[in-house]
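Both of the next two complexes hold chain A, though its partner changes from chain B to chain C.
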Partner chain A sequence: MSTPRTSLVLLVARQELLLAARSRWTQIFAAVFAVLALGVSASGYILSGGHGFQDFARTSASLVQLVTLVVPLAALLMGVMALAPERGTAELLFSQPIARRQILVGKLLGLLAALAAAEAVGFGLAGLVVFQNTGEDGAVGYALLVLGSLLLTAVFLSLAALIAAGAVGRKRARALAVALVVWFVAVLLIDLVALGVASLLPSTAASRLLILSVLLNPASAMRTGSLLAIEGTAAFGSGSLALLRFTRGTGGAAVLVTFSLVAWTVLPTLAAIRRLSRADL
Partner chain B sequence: MIRFDALRKTFGSHQAVQSLSLMVCAGEVVALLGPNGSGKSTSLKAAAGLLRPSSGQVLIGEPGLSAMLPLARRGLSFLPQKVSFPDLLTGREVVEFYRRLRGVDPARTDQVLQVAALNGAAGRQVGTYSGGMTQRLGLAVAALPGAPVLLLDEPTSSLDADGLCAFYGLVEQRRQHGQTVLFTSHQWGDVERLADRVAVLVEGRLVADLTQRELSDRLAARGVMRLRIDACPAELLVRVQRVAPGARWALSQLSIPGSAEVRAAALEAVRSGGVEIRGIASDDGRLDLLYRDLAQGAP
Partner chain C sequence: MAPVLPGNLEGRPPPSEASPLQRRIDAAEPGAVVEVEQGRYRGDLYLDRSIRLVGRGRPTLIGSGAGSVVRVRGPDVLVEGFDIDGMAGGDLAADSSGVHVAAPGVTIRNCRIGNTLFGIYLRESPGARIEGNVIRGIPGREAGEKGSGIHIWNTTGFAFVGNDIADSRDGIYVQNASGGLVRGNRARRLRYGLHYMNSDDNLFEENVFEQSAAGAVLMFSKRIQFRRNSFLHNRGFASVGLLFKDLSDSVAEDNLIADNARGIFLEGSSRNLFRRNVLAQSDTAIVLYGSSSENRFEGNAFIGNLSPLALYARRTDTKFDGNYWSDNDGPDLDGDGRSDRPYTLGSLFDHLRGNLSAADLMAQSPAALALAAAERAFPVLEAIQVADASPLARPPSLPDVPAPSAERRRLDPWGLAAALILVGGGLAVLGVGRRRGREAA
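Then we have the complex of A and B:
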């Protein structure tokens, strides 16, 4: 009796979802994200001296920063911990009659579902509070931000897969350290470095560099895409503005950042599959 | 059936396995022995499709398929040396997951949990299991599919008496069903009890491929008997040395090295000399010394 390929992937995904749902790290992430999202949605109320909540558009603009900071960190760390298991666990699983790529894709799907559920708690609570107090204006942009957050989760999970591919046992600690470095570079360092270098270049070269820093950095691409979706270009950084000028409109910029995020999801996953299939376990 | 065809595996400049050729036929139980770092686990992991051979290949079944192919791995079950499971799953959830993965009849879950004597603990999370229970759960997972080839890497290292019973039962059952079992062990008891044949690896090289009886004889030939007697007159020592040339007298103890037959003849010589024997101890040879001798080409 043999099990179809899709079923095997879904079986692994379900197992990973179960594990992630029971994991203390997922539960902590869900709780912290929910508290921060609620805090952001209520901050307008607090800042205005208790006379009103922020609407969806303002809440979304504030949440963009939170999402680009917290979601990549959670996806990278939880991804590496799940995808670089203990040696004895990996040896038993990978000796089964299932292709390594199926195991990897299944685990990624399970993790994505678990993190999406954890983020949904925060977005859902914050959205409910905003809706009850300010109505549905800007809800579409908010929904697009949720989608962007899911895409960003997928991007950093695929990067975690690339980092963790073939890393079992003692290599796991090194993979976690690499994940932290990737988060620091992608979320904090690249934009600062690009801005610093751009300030030394002539304007055309500086613009190109800033555009590249948005498209080649998934965190910046997501930030730009989300601000475009909620019509929050007023909050654009220099890179996003350079991209907007280059595409002469929001449509082109949206297409480019979406393409960038999809590429950042697919390419590292393919590279991880290739690396894992060649790895000695 | 499992066939190693000139398998070579290197890690950087270290040659873990050098040109291993070995065949284990259906219905055979073969023990892969050797000192630590001799390449036993590497060979088994290559057979389980976990390591890519540097050259050569490992073929599973008939006609042989490379162990790197998932299709080939349908025909085998592998128990790693230090098997582990996610702490947050219960024993039953672990077995259920692998049962579904292997497409096995649902009734097998309860059967293997019972065989592994885990029924009472199946509902507990694996994180609460002792080392022996985890090993038994590993045996349960390995026993699930009834695959024609069973690969076990030091399966008894942390088993208690119940676990050992379960393990011996599993291997005997596989032998009766004409299946192939290849296992590594440092426990001579496992080898004596289970193995039809013994392959000895030293520093990545296959230095001997013997029947279990041949290996027993070689170990016995390296045995030593120690007799505690009050005194050993010169004529008695001469008489004993006629049948056991290596016999030595020191510290109120007559040490007689040699095969079981040599030791029996020497004992008879001592008894017929009228000397009172106050104590007797006899040991077969040590495996580690045998490995060393085999590696040096000794018979």
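Then we have the complex of A and C:
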């Protein structure tokens, strides 16, 4: 036990990264994401309606849409598959002289690195198209988009850990189904419900509800934050102004979006650790 | 936005405020050319006879600060080649201007007018020709404390060509003036680029109205023609590219209306035709009030707008036919260049965001797309039906529409390098796993 705790975590992380990088699923995700990102960016410039309007901001906006749909799905599914192992594997792994939380954190870091690498290929290829013909402040918006994507990956890996922690020893199929439901809720259902409820409320309350739901839901927070960073207030018209009034400026909006994403990364991980340490294998 | 009536007509400046050039003008015969050499001439000028006042080497006329710098009261006067500084002086109630004209047949050409309440004021001045001037308002003042760049009142027949106006109240203000041509002007950073009241039969071509509270605001008039103008970047809270209020029988063709909070705004306006315009990147492309009727939109390209239409009425008889809508995904199976089904403008989501601006936050989100899809699949809600009968399947070629400027777009080597590093780094990380995997195996 002379090895320091951090290096134990890193050891697990490296092992998980190797496993994930070798996994067919990671490779497929990397390839699919690369093709989609390249397709979005290339069509943004080539099929621009003949008027050159689908410029950097619009292309990046399309990339944001792609990221909010695909990245949570990949993180949830691959996270659950990697973190809810079969009974034999789990018993072997958890009998090693390492704390369960160290195993979990290590595995999460490894998965995050693998998924980030897969996304980096796609963003890089799309960037090669985008940066051939861009505006002055394009690079900053693009960097924020990549960062946002990384945070979103972390958020949904963390949620995957929480789902998988309850599925140790049980069937993985059920955990995968739960992961799909979580994806559907985060990407679609929360927004739909918020819109539905908002349409029944008086306008001040409705406006507040929509803004809160956009900030609290990590998928929407990432989408809103990135689009505001890239397009400015033009992203959502008067909706942008309503949001910025609520957050008292762009600084407040940035803080709240970041806070939401970080909270959604840390809290589910803590809950997963708690659940895992109590689980009877 | 009531009509702005002219103020008291300024007369001959008292000797203490008069320019040293006044003596030469008073000595000139009608029809003479008075050439002014380079230099700075302090004081106001009164031109009461038809002379040609020509600056050589851009002399500067510096106003007394008490009123208009150049007051034109004689017919057929030409003023050309001067820099005119209004010293931020004068009085809005007296229409104090860089050049104040109350005479027929006057030409103002190639002057740079700055620091004045009004740039050029034309009061009952038929046949005026204002060409190639650069006009700047008084910096740092509120719109209400400034005059317009070019102001024309109660005049028949005029031409404003190739002027550049910024930082005034309105760029070009036209009131009770008809039979005019406004071509190739550029107006920006104003309240309204063009403000227009009670004036019929005017022609606007190839002007640029941008970065203002509204590109152009036209009211209470008939038979206006707009061709190949650009209305750009009017992005304020309630900003509009092109606003018609009680404006009828007018034609807008081949205009570029892009990056505005709202593209076209129609209230109480009837029988107008919008043809072959590009409307792009607006929050709402068209705002249409029920008080408007029988307008037609044909062959326009609607590209990348958050919402195509905000309709404030139960129904409308405005017709949309053969326009291109970038978010129309209707197929064109028979290959006739038109989508096989009509394109419905506005969805359930658009209806929501019409009532609630925060709903814009979810524009183009998966939720909004799902709502639109659900609405098509299960048409349970009888939405207000405004549709394009036969939308174009592909963007039309519109060669006469001004091209959006391509400035600021270039290759970014640092971005490209970063992108390459991302690709390389990602592949390396993924590749490490594969190599180690093989070693282990």
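Keep this in mind: the second predicted complex is superposed on the first by the 251 of 281 C-alpha atoms of A that agree within 3 Å, B and C clash if a C-alpha of one lies under 4 Å from a C-alpha of the other, contacts with A are read in each partner's own complex, and residues count from 1 in each chain.
Throughout what follows, a residue touches a chain if its C-beta (ideal position, glycine included) is under 8 Å from a C-beta of that chain, and two chains touch if they have at least 3 such contacts.
A quick note: this is a predicted structure, and the numbers were derived from the prediction, not measured.
If you stack the two complexes on chain A, which partner ends up touching A:278: first (chain B), second (chain C), both, or neither?
first
Looking at the overlay, does A:18 come into contact with chain B only (first), chain C only (second), both, or neither?
In the superposition, A:18 contacts both chain B and chain C.
Using the superposition on chain A described above, determine whether A:71 touches chain B (first), chain C (second), both, or neither.
neither
Go through the superposed model and pick first if A:123 touches only chain B, second if only chain C, both, or neither.
So A:123 only meets chain C here.
For A:63, decide between first (touching chain B), second (touching chain C), both and neither.
Touch status of A:63: no partner.
Report for A:210: first if it touches chain B alone, second if chain C alone, otherwise both or neither.
second
Check whether chain B or chain C contacts more residues of chain A in the superposed model.
C
Figure out whether A:198 sits in contact with chain B (first) or chain C (second), or with both, or with neither.
In the superposition, A:198 contacts chain C only.
Per the definitions at the top, what is the overlap between the chain A residues touching chain B and those touching chain C?
On chain A, the residues that contact chain B in one structure and chain C in the other are 18-19, 22.
Under the touch definition given earlier, write down the residues of chain C that touch chain A in their complex.
These residues of chain C touch chain A: 235, 237, 258-259, 261, 278, 280-281, 283-284, 301, 303-304, 306, 324, 326, 349, 352-353, 355-368, 370-371, 395, 397-398, 401, 403-404, 406, 408-412, 414-416, 418-434, 436-437.
Which residues of chain B touch chain A once you look at their complex with the stated criterion?
Contacts found on chain B: 11, 45, 48-52, 70-74, 76, 78-86, 88-89, 93, 97-98, 100-105, 138, 141.
In the complex of these two chains, what residues of chain A are touching chain C?
Those residues of chain A that touch chain C are 17-22, 26-27, 30, 49-56, 58, 61, 65, 68-69, 113-114, 116-121, 123-128, 130-136, 138-139, 142-143, 146, 187-188, 191-192, 194-195, 198-199, 203, 206-208, 210-211, 214, 220, 223-224, 233-234, 236-243.
Help me check something: in the complex, which residues belonging to chain A touch chain B?
Residue positions touching the partner: 1-3, 8, 11-12, 15, 18-19, 22-23, 85-89, 91-92, 94-99, 278, 280-281.
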